[in-house]
Amino acid sequence: MSEKDMNDKVNEMLQRSETNVKKAEKTFIHPEDEEREVVAPDGSIIKINPIYDYFSNEKPTEEKPCSGVIEKFLNWARAESIWVLGFGTGCGSIEIPPLVTPRFDMFRFGVQMRPTPRQSNAFIISGYLSVKTLKRVIRTYEQMPSPKYILALGSCTINGGMYYDSYSTINRLDKYIPVDVYIAGCMPRPEALLAGFMKLKELIKEGKGEKANEYARNFDEYKANQKKIIKDWNMPDYNW
Amino acid sequence: MINKFLGFEPDKEKLPSLTAKIGDDIDLSSHKYQKIWLGPNHPGVTGNMSVELWVQGNTVVKAKTHVGYLHRGFEKLIERRLFVQGFPTSIRMCVAEPDTNEYLIATCTEQLSGYDKAVPEMAKWLRMLSLEMARLQGLLRGVPGQGGTFALGLGVQWGVYLRDLILDRFEELTGARVYHMYIIPGGVRGLLPDGFKERMEDNLRDIDDFIIRIRRLMFHNSVFKKRAKGLAIVTPEMVDKYGIVGTTARGCGVKRDVRKDDPYLHYEQLDFDPPTDTDGDVYARTWVRWQELIQTVDLIRQIMAKMPDKGDIKTPMPNVLHWKIPKGETYVRLESGRGEYGMYYVTDGSDKPRRVNLRGPSYTHAIALLEDLLVGADVADVHGIMVSLQTCPPEIER
Amino acid sequence: MKELINKLSKDFNITDAVYQRPSLTFVTVPKGVAISLVTDLRDYEGYSHFVMMSCVDWIEEGKFQLLYLLHNPETKTDIGVKTFIDRENAEMASAHHLWKQVWTYQRELKEAFGIDFPGSPRVDEDFVVEGWVEMPHMRRDFDTKEYSENTYFPRPGRETNDPATYMRKKLYPNEPITAKKQDNDK
Amino acid sequence: MTIYAKLGYTLLGLFIVLNWGFLMGATFRKIGARLAGRYGIPFYQPWLNLLKNISIRTTITHGIMYYIGPVFRLTGGVGLFLFMPMVFTGSPNGLWTNFSFEGDLILILYFQVFGMLGMALGAGQGGHPYSAMGIARGLAQHAAVELPLTLAFLSIAIQFDTFSVYKIVEAQQGGFENWILFTNPFAAATIILAMLGAMGHSPFNLVKAPNEILIGPATEFEGTYLGFMQSAGSILHVMEAVLFMNLVFGGANSWIELIVKTFLIYFWSVFVGMVFPRFKIEQSVTWFFKVPLLLGFLAIIIYSL
Amino acid sequence: MPFTAWSKVVKEPVTIKDPLNREAAPRYRGFHDNDVDECIGCGTCEAICENEAIDLVPVDGIETKDGDSGLRPKIDYGRCCWCALCVDICTTNSLRLTNEYKWIDTDPDNFRFVPGVDKKDWYDKKDGWRKPEPNYEFYGLKRVEMGELHPEERDDSFIEMIQGYSKEQAEAEADRCVECGICTATCPAHMGIPEYIKAIRNDDLEEGLRILYDTNPLPEICGRICTHKCETVCTMGHKGDPISIRWLKRYIADQNPSEKYKKILETDKLTKNGKKVAIIGSGPAGLSAAYYLSLLGYDIEIFEKLAEAGGMMRFGIPEYRLPYDQIDKDVNYILSLGVKIHYNTTIGKDITLEKLNEDFDAVFAGTGLHLGRSTRIEGTEHKHVYQSIELLRKITEGEEIHVPEKIVVIGGGNVAMDITRSLARLQKIKYGKVQVTATSLETEEKMPADREEVVEAREEGCVVNPGWSPQRIEIVDGKIKGLHVVQCLSLFDETGNFNPQCNMKNENFFEADMVVESIGQGMDLSYISEPTKEHLEMGPRGRIKVNDYFQTSVGWLFMGGDTIQGPDVIHGIANGHKAAVGIDNFLTKK
């Protein structure tokens, strides 16, 4: 890629980043995250904007499902092999250990835990999300490969729950990321969580588990909501 | 010896010492160090928190604990809630052992309003039962969990299953699995259901069996010993310096147990002696906790034998909707599975508290102590050290 | 306990002592004396276990109340050293040199109440909140509910009725009623 | 037999090995689950996982080596398979001897490292520090395992005067008393101990180490690549077991025998792995440098005398 | 050896086979259910919910009526934390939690429902959390006992028997209130009951007095003899005793000294608007109208037939229930606002209604029911057959009355009890013993008199023997011998008309020297002169038709009180207040 092309691309990317994001950056930006010019190993000067990358302002691509029977078959496989990200975002995660241990044993239903977002399809938002965690959750969600599913536990994700008046926790999860299945309870019992997985399987088999594409379609709206409350977009390296 | 020969044993003298000033900057651009993050999305952190590590090879040279991922502002929220509304909020301050929070907030309100003498006898025994059951379920997760940190997942599987049985008993007694919301100002919310003691005794027998099995699995295990012995040593001199409490202090021979030091409820009527060990390393702490597991089972048996069959569960109190407590302040503590757990409570004469401040053991263990203990440790041991200090992030940030 | 307080009050300007429980006493001292009293208690009276540090916002009086709670493992007693500092430009001498965990408390208080502790390590770092631009969140004048409603989109579509008002609307819309109630209805 | 028929049988064998790998993996997870007191995954779960992984739509890239990593790993597994005689039929050109040839033991030793090296490249380009840490541990441990293992191999080679796996198997025919397990107990002991490291179960599963370094080298891999890696892993597990079967336990005379023997050999590492925690890397390496290395030297010394 | 763990491998798994249909514990706090018929929509659940999860919403098919707001709790499962405080505090025990716990949905807006109304499949579950028993309450169920004189202390004098609450007692009683406000609708005057109870709790009695005077200018009187319809609907009454709202009102009035009233109520200076209103009768309706009109700046003149103000309150209620100095306290305060009162002035005799119309801008008639009704049975013409109302007035006026040794009182209302107990006191003074029998048509349960009145009458030695229909008074030699009665079976026929059915075979005879009839009062409208009467539209049962503001068809004439709504102080007060608003509207529009 020539220098000119590179510069054009960078400029194009910068134009796409929105103005209010920049405003937020002004107050909370680490020196190493500042937009700046660096000398590439080949001697050319390129502009970099780390915040832009962390921020994932890049609109995700909408990935079309395959057609007909093939998609149905793949959906069946997806439904029977759900890999859940092991990220306990809130207190509901205390009910995950019973699920992976003898009492409830969700492995027999094809549900397993994975430690990294790259390999997970399902994300259990286990209750309230503080803004600090939300930032990580969004990044994690964007790291997860499509198709991906979100299970939201408890009152907190629906309308704020106990923490409806807290300055630190969000009230409605669906404003920030699309949610497939809500499970009522504070916190939901493991049995309810299993029932939620069953519902998720049903949805996937019916071809309704396409919330990742919805996120891509309404990306601007979701991002605008996220930016409203997350002021500090500095993201430490390798932190999900 | 062979380690030294092969160069695997880090030369501690070259690393920042424990006494180094906090905040010593490490020059990452020197390419001698790497910065890695453990968490918040990491199976190796307890709960939703993260540790920022500066490593040299496999060795941690600096660590910073980052909390706040679970911050909900409980103390602020309770300031907005009536005295009776405090307990559902407070119980969520630590999910690992929730009953302790209920007890603290109930006792604080009772002490300041003068109802602490009026709590019925039956309610006191039931409170003790629920507190000990909470300790038991915490230990059933925690003791094998220490093995789990070193990838011995089997004990965790057994332990969590048995914990689930205790949660079933909790469900029968209190109406909920995890957030029991059982201890309220003035008493408790229900008598023992029929046949509770028999079912509990069945579970305790299972747990007795488990205790023996876990001893064989963990404490007779050469690899576990190799991993845990000599790891993250807490010396008795450090106890007061860092504010170390509970099993962590008992693991190095300093006997600190609120149940003995400042007896509350009817603990002076029970026959027990908090276990101690002298080494102060991860193994000693786990060993103390394992002994405490035996002791807790025994305590539950003692409580069930000594408690009355029936009685009042709640003292009559003013209408909760407009209950006001005169101006005052108090500090109430109890011994949780993790150590001294206390609450500072200030009232100003209105129907809501002025200030609630929780003092969780993790507050000191997981920040000041952990950051210092991690220096010089192996990356692989970070999780083990965190669990051995019984880190519970929600009680740090609340 | 009483003897100890009497003894201490000879040397320190103890303005108030409250005996909450036989084993728990709160003493109030002026701002300048607090750290030296805490040091004295730690070094000479055996109050070697630092339990906690806390702050109460007495907004009506324009004061922050700082509390250092110490425990004596030998006598099993607690003593809380209280001191009042001004709410405006609140600042207190740091005690991080006394115990290892104190700086954590001071860091939290700096974030939650805006009290500065000059010299305390990492006191300016974020503790629990990230990207916070409002006033310190634990201050009494910060209205968390209002903030939450304005920031976090509560789910719309809820409405409630006060039984008394609703019954009036239904049963006796035109009757004269208490002025106070009328105010509430508005 | 024409080369095409040979190729056909080899591919069929690979298919069997892959499926047996999946089934064996699932079975051992079920056994592990049973030990914990639960039912565990269904037997068909690995196939579903593979399908699921293939059905993932997103593809990310960290550069060309990132793609090649899983391919290398698969190549390592397949390479191991290609030069490994599977079922002893009495003829070096038998149906299931694949492309075994004189000196294939050396090639097999190389292929064992090959997958690991490929992963190192892929994980390295993945850019995740935990990937890098995982693969660094993996290589260090592998080196520690290879040393006693190579000594044991050498001892066996000296014993039978050949580097051909087929010949080693042939030499063990005619009853279990001819197995190297009994004819060369020191080499066998070395292999049995070193095998624990090669199989990658606890206490030597430092490469993946879920609660230390996420999932190690595979941290950044997803979708089809992950499917590749897991398939390759299954093949590798079976092939390692087949290798040790051929070298120590007398090879197999039929597929049934192969399946039973690989199952039992694999079970050994599970038997240890389920009840032991994980070593740290320096502990692991020192462990291999103590007993297995000593035994390996003994085996060499005894047979070279 | 860790390998011993492998012995587990042969054991059967402990996994729950079908976790999806697992029943929770009997005490589990699952999803809500509400018995909508029991529920009264008091909103206490909403008040206790720390998460603001509960809304009160109107529900189809449930009418708003006395004692039921017609609202039902709607729960937001985006807020609920399943603490079950709403269940524990529920005043009717209608709310409960079932042990169902599974609710999966894809739409977050669905998690709101009205338990018991919206169809959910867990209502048939019988298990779940209910309020723990016993002795587990979030408020006092028992009323704070009111101190009263013992029967032997009180039965020979007319000193007040109810002693009133002390500060502690009043605060304890006020503390029981849950501030639902359902009583406000039932109170005819719609007093701010929760608000003044709150003032008692806050120990702000001046605020309490202000709230009282917003809707009721006779708190001392009402605090003693109000029929407290509010207490019949009090939410606390569903599980325990209703709040003694009446005594609390009295407590506020008692604790505020009369000389401070003007300052507290800020009525030191009232600006006059120059208009004049005449008020006939100084009963509750008249006084109430006078008070509120004078607050609005009108010049008020009251015309009272008798020598003292208070009407029925003074002359119809015995002193032991309502001491005269307390009446004076309320009345004097009203008079102190500049209200003129003309005693011993009878309209129609001393001054005509037309004259009032000429002199004043409007007239409010709050005349009471001063005529006794008679049973018209045989023998009622006898001179020792009295009307209770007449006797009570005479007792108040201090006139000597005939008190023989044996007396029968016919009637089961409060007035009958008043006269019974007054006569008993007189008997006690005169003879040292009591021999009064009260009988009524209604059976014991249906007696219109307040329960405590009957109980206290019996404590004082009276015989209350209800369920008898009087037949005739036996008179021998011009002297009353007694009253013949038969058993009364029912009072009303199916259509609801008054039509007593008797069992003639079951007879009884009450010996007596004197019979007092106390079966109701009639109104005396003789003061309305012909020219006005012609224009007056009449309603059913011979009552005068008035509009919402108690304005008669004549326009300038407003009527209220007992003549319009039956005998009740609080109704009179409410009428007076409303009429005052009506008069103000009428005059400002003119």
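When the chains are written out, they are named A, B, C, D and E in that same order, and each has its own residue count from 1.
Please note the rule applied: contacts are C-beta pairs under 8 Å (C-beta built on N, C-alpha and C of every residue); 3 or more make two chains touch, one makes a residue touch a chain.
A quick note: this is a predicted structure, and the numbers were derived from the prediction, not measured.
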Quick one: which chains contact chain A and chain D both? B, E
Identity of the most central chain, Cα criterion: B
Outermost chain relative to chain D, judged by CA means, is E
Could you let me know which interface, B-C or D-E, is made of more C-beta pairs in contact? B-C
Take the average of all CA coordinates in chain B, do the same for chain D, and state the distance between these two points in whole angstrom. 43
Chain C-chain E separation of Cα centroids, rounded to whole Å: 48
Rounded to the nearest Å, the gap separating the Cα centres of chain A and chain B is 31
Whole-Å distance, C-alpha centre of chain A to that of chain C, is 37
Considering chain B alone, which of its residues make contact with at least two other chains? 36, 42-43, 68, 71, 73, 76-77, 80, 88-89, 154, 157-158, 161, 179, 217, 221
Give the residues of chain A that touch two or more other chains, as numbers and ranges in rising order. 101-103, 105, 108, 115, 132, 158-160, 162, 164-169, 172, 186, 189, 238
Residues of chain E that contact two or more other chains, please. 2, 5, 13-15, 24, 50, 76, 78, 81-82, 108
Chain pairs that touch, all of them, please. A-B, A-C, A-D, A-E, B-C, B-D, B-E, C-E, D-E
Quick check: in the complex, which residue numbers of chain D touch chain E? 31, 33-39, 271, 274-276
In their complex, what parts of chain D are in touch with chain A? 29, 33, 36-42, 45, 48-49, 51-52, 54-58, 60, 128-130, 210-211, 214-215, 218-223, 226
Using the touch definition up top, name the residues of chain C that touch chain E in the complex. 155, 157-168, 170-172, 174-181
In the complex, chain B touches chain A at residues 35-37, 39-43, 47-48, 50, 52, 68-73, 76-77, 80, 88-89, 92, 95-96, 141, 156-158, 160-161, 163-164, 167, 177-179, 394
For the chain B and chain C complex, residues of the former touching the latter: 21-23, 67-68, 71, 73, 75-77, 79-80, 111, 240-243, 256, 261-262, 328-331, 333, 340, 342, 344, 346, 354-355, 357, 359, 363-364, 367-369, 372, 397
